[in-house]
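Read from first to last, the chains carry the letters A, B, C and D; within each, the first residue is number 1.
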Amino acid sequence: MAAIDLNSDLGESYGAWRMGDDKAMLAVVSSANVACGFHAGDPAGIYRTVKAAAENGVVIGAHVSYPDRVGFGRRDLDATPEELIADVIYQIGALKGIAAAAGTAVRYVKPHGALYNRIAYDARQGQAVIDGIRAVDPSLVLMGLANAPILDLARRAGLAVVAEAFADRAYTPKGELVSRREAGSVLHDAKVIADRMVGLAQSGTLEAIDGSTIRVEAQSICVHGDSPGAVAIAEEIRRRFTAEGIAIRSFAG
Amino acid sequence: MAAIDLNSDLGESYGAWRMGDDKAMLAVVSSANVACGFHAGDPAGIYRTVKAAAENGVVIGAHVSYPDRVGFGRRDLDATPEELIADVIYQIGALKGIAAAAGTAVRYVKPHGALYNRIAYDARQGQAVIDGIRAVDPSLVLMGLANAPILDLARRAGLAVVAEAFADRAYTPKGELVSRREAGSVLHDAKVIADRMVGLAQSGTLEAIDGSTIRVEAQSICVHGDSPGAVAIAEEIRRRFTAEGIAIRSFAG
Amino acid sequence: MAAIDLNSDLGESYGAWRMGDDKAMLAVVSSANVACGFHAGDPAGIYRTVKAAAENGVVIGAHVSYPDRVGFGRRDLDATPEELIADVIYQIGALKGIAAAAGTAVRYVKPHGALYNRIAYDARQGQAVIDGIRAVDPSLVLMGLANAPILDLARRAGLAVVAEAFADRAYTPKGELVSRREAGSVLHDAKVIADRMVGLAQSGTLEAIDGSTIRVEAQSICVHGDSPGAVAIAEEIRRRFTAEGIAIRSFAG
Amino acid sequence: MAAIDLNSDLGESYGAWRMGDDKAMLAVVSSANVACGFHAGDPAGIYRTVKAAAENGVVIGAHVSYPDRVGFGRRDLDATPEELIADVIYQIGALKGIAAAAGTAVRYVKPHGALYNRIAYDARQGQAVIDGIRAVDPSLVLMGLANAPILDLARRAGLAVVAEAFADRAYTPKGELVSRREAGSVLHDAKVIADRMVGLAQSGTLEAIDGSTIRVEAQSICVHGDSPGAVAIAEEIRRRFTAEGIAIRSFAG
């Protein structure tokens, strides 16, 4: 039976501010990328999310970020490797502590936002993230962008990796994400998106923005939960996967 | 042979700002209370301090604090138990991650500043700190103020505790610290201080501010390293202990 | 014709996090307590709110706070007078800069959350807030809790003051707020609340929680906008005031 | 008589952390670039520095930065123009508030660190800084890197500008700073530096790193005070200027 992981960014509330519908998403996904406090997440809120994930049997990953709360980790930052290694270790450690307190464990690391995009192709910062992960716990899996160089970089360093596709994003004929600045880069129709993801899970292919068929080797699909519309798309994907007999299952099973 | 632990607050630099002489103090103490990022310490600096402590064979404790960097954790804050429990777990976890990356481990927890002073006597916040420690790792030792209620509170909760005396502070006849607002509360003469600490290590007694002799059961002595004068006092204590045949040794041996 | 000010806390979003419905509230109130970055508000968001307030002819006040973003300024903090004076000056200055850029001006200061509650009765921190306001701009009005000592303290220091009532809060027979920990302290029925506020605006009296009638001299009424229900209450008060011929008008006219 | 401005970065302590010797530098310089809280400076510390500058008759500038305290504003950050404009307004406003409280005024703006270097050549972020300055107070002078495009960009927008040279830096034959990564980029000999600055003040020329003579039109010279050696260099420059009859005088007279 086909199986794939569904992941989503959770724990992104901060103090009095709410973001996303963690409860709804924990009923949809198999993996939760949990904020670690640098772009989002305060300790009490992270703890609540991790406990809820554990109760739902959802696997936990560390959603590490540049230290940029006001910019939500979405702004490129020229951190040095020394800074980045330590920032990664610190954040993973903090989430491991919270996971231990909640009776669960951190199984993977997915960098967030600008850091995610940068290390997909930037070997210097990418190596720093890899070095940080390996230093704190070499059994952690790195989740990275499908078809991007970061995956091989991590494999060569001895890390297990998981390639990720984005449910609501268009792809270029080369298998890269279409930039958000271009028209058609983000998909909004739940049925179209679910169709694409069923195809991805069954055949490892997607239709690129030019109509060509491309290979996207992905063991995980990222879905969003930051708006009612986003939750509805995620739920539709789950519904279709269930109907098609595609298991939704963490790679860290 | 008599033996006692010497501890000091380390890792309190922050980014471009330096504080204390960690290198000098790591040659003096047996235990390092390492800042966890809430009152002081950035990840890269904490990592450097933890690596240096490991190289010096100095045992590492988590110096957890209220989240108040601008106030250096010295201001009382009405955190709720839920916030405090999670803050404690997060900070211990972060330091555990860094310690793991440095090939060492966190062995104890010493709350910092205003939090330390408050939980010495405030059972509500004290219980929250205890609950946080137990949730993340019940094998951690809590270091607390000698003769204060927090020690029994922690013991009753099943935590191992270490009572701490302050090398440069005067004590009341009841065995409590003389408030910093009162004259004579802080001692400055290295020889006098070293004499007192030798007495404490050998007989468990100190001369109180009124001249009476009091019992202070302490397994650890706190020394400071935030000024050249403070380092010199710490070095004098070490020199005298060595001369008197008192071993300087962590309780977590 | 009777007239009273309606004020609300605005600009409390932070980066990617939204809070409250500033647009809806700017159509209701005559005065906006704008966050200054210490408990909420990032510069870009504050700027948007201040520009919108200016476009709506709403008067702007500085909603100064303890520096506690993760706690949303709701936790009591033992700041020293020196710290508090400078924190107040800094926040007012920052908001003045933004107001100048938006072609408007800051006319009053309303401390936020824990600071508001503390200085209502604590003369030491209250005097520090007053000193900060006077140092940066003695023409600013201090908005404070009706019937609380802070108002006289400020008057004696030469500041103009405005007393404030809370639309959705119950009062003790002595004219103080019923603690939020007690049953019945917060009112939820829009019609009941609007009735009470009409009475307050027309006669300066309210029914206390024990049924007695008390005097509450208030020149401003605080309404909330942090939930759809809160906005609806504020709109109902405005509707009733309009129907009763009570002008909604800033004290800073 | 020849005259030139000497400026230095001040107010860069933060809470319990000290940086630089503001007292010594205020006896040397005519202009103080005062940290505004984003890379350094807490309100109480900024206030102390501004009061001391006022007492010394030193002119005050706003040393605005990216919001990156842990990186001390030294890391390039992809802030949007909207964010940058508001960040600049907020910081200038805050410092204006503190200056008003200290009985003085902000006269110029000198961006700090990575922001300074980036806007020297990046017109998009440069324009945002200019727009922010003009929005809050168009009478403020922008201090920027001599020979860099930012100066013309600001002039065209209607801002007064001051070009700045760096006392301890080597220059390329084109009049640009030699990158810190290259050997010989930073000068350390106080006498050599003072000789160069006398030449600059008298003739507007410097010897470039290749031995050629270049023009550097600068109305201000930046000196550092973050180490005893740096203070000594600044003092030597002042001594030599005095001996040569070169007045040290702010451009903002």
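The rule is short, and it goes like this: a contact is a pair of C-beta atoms (placed from the backbone, for glycine too) under 8 Å apart; a residue touches a chain by one contact, two chains touch by 3 or more.
Listed by chain with UniProt protein names: A, B, C, D = 5-oxoprolinase subunit A.
None of these values were measured; they are calculated from a predicted model.
Novice: Where the contacts of chain A and chain C overlap, which chains show up?
Specialist: Under the touch definition, chain A and chain C have B, D as mutual neighbours.
Novice: Quick check: more C-beta contact pairs at B-C or at A-B?
Specialist: A-B
Novice: For the copies chain B and chain D, give the interface type as same if over half of its residue numbers appear on both sides, and as different if under half do.
Specialist: Copies use mostly the same positions to touch.
Novice: With residue numbers as the basis of comparison, which of the pairs C-D, A-C or B-C duplicates the interface of A-D in over half of its contact pairs?
Specialist: B-C
Novice: Rounded to the nearest whole Å, what is the centre-to-centre distance of chain A and chain B, using the mean of the C-alpha atoms as each centre?
Specialist: Using C-alpha averages as centres, the distance is 39 Å.
Novice: Taking each chain's centre as the mean of its CA atoms, how far is chain B from chain C in angstrom?
Specialist: 42
Novice: Which chain C residues reach two or more other chains?
Specialist: 42, 70-71, 83
Novice: If each chain is a node and each touching pair an edge, is that a line, ring, star, complete or other?
Specialist: Its topology is that of a complete graph.
Novice: Would you tell me which residues of chain D are touching chain A in their complex?
Specialist: The contact residues of chain D facing chain A are 67-68, 70-71, 75-79, 83, 114.
Novice: Would you tell me which residues of chain A are touching chain B in their complex?
Specialist: For chain A paired with chain B, touching residues are 37, 42-44, 46-47, 82-83, 85-87, 89-98, 100-101, 132, 135-137.
Novice: For the complex, which residues does chain B have touching chain D?
Specialist: The touching residues are 13-19, 40, 42, 69-72, 74.
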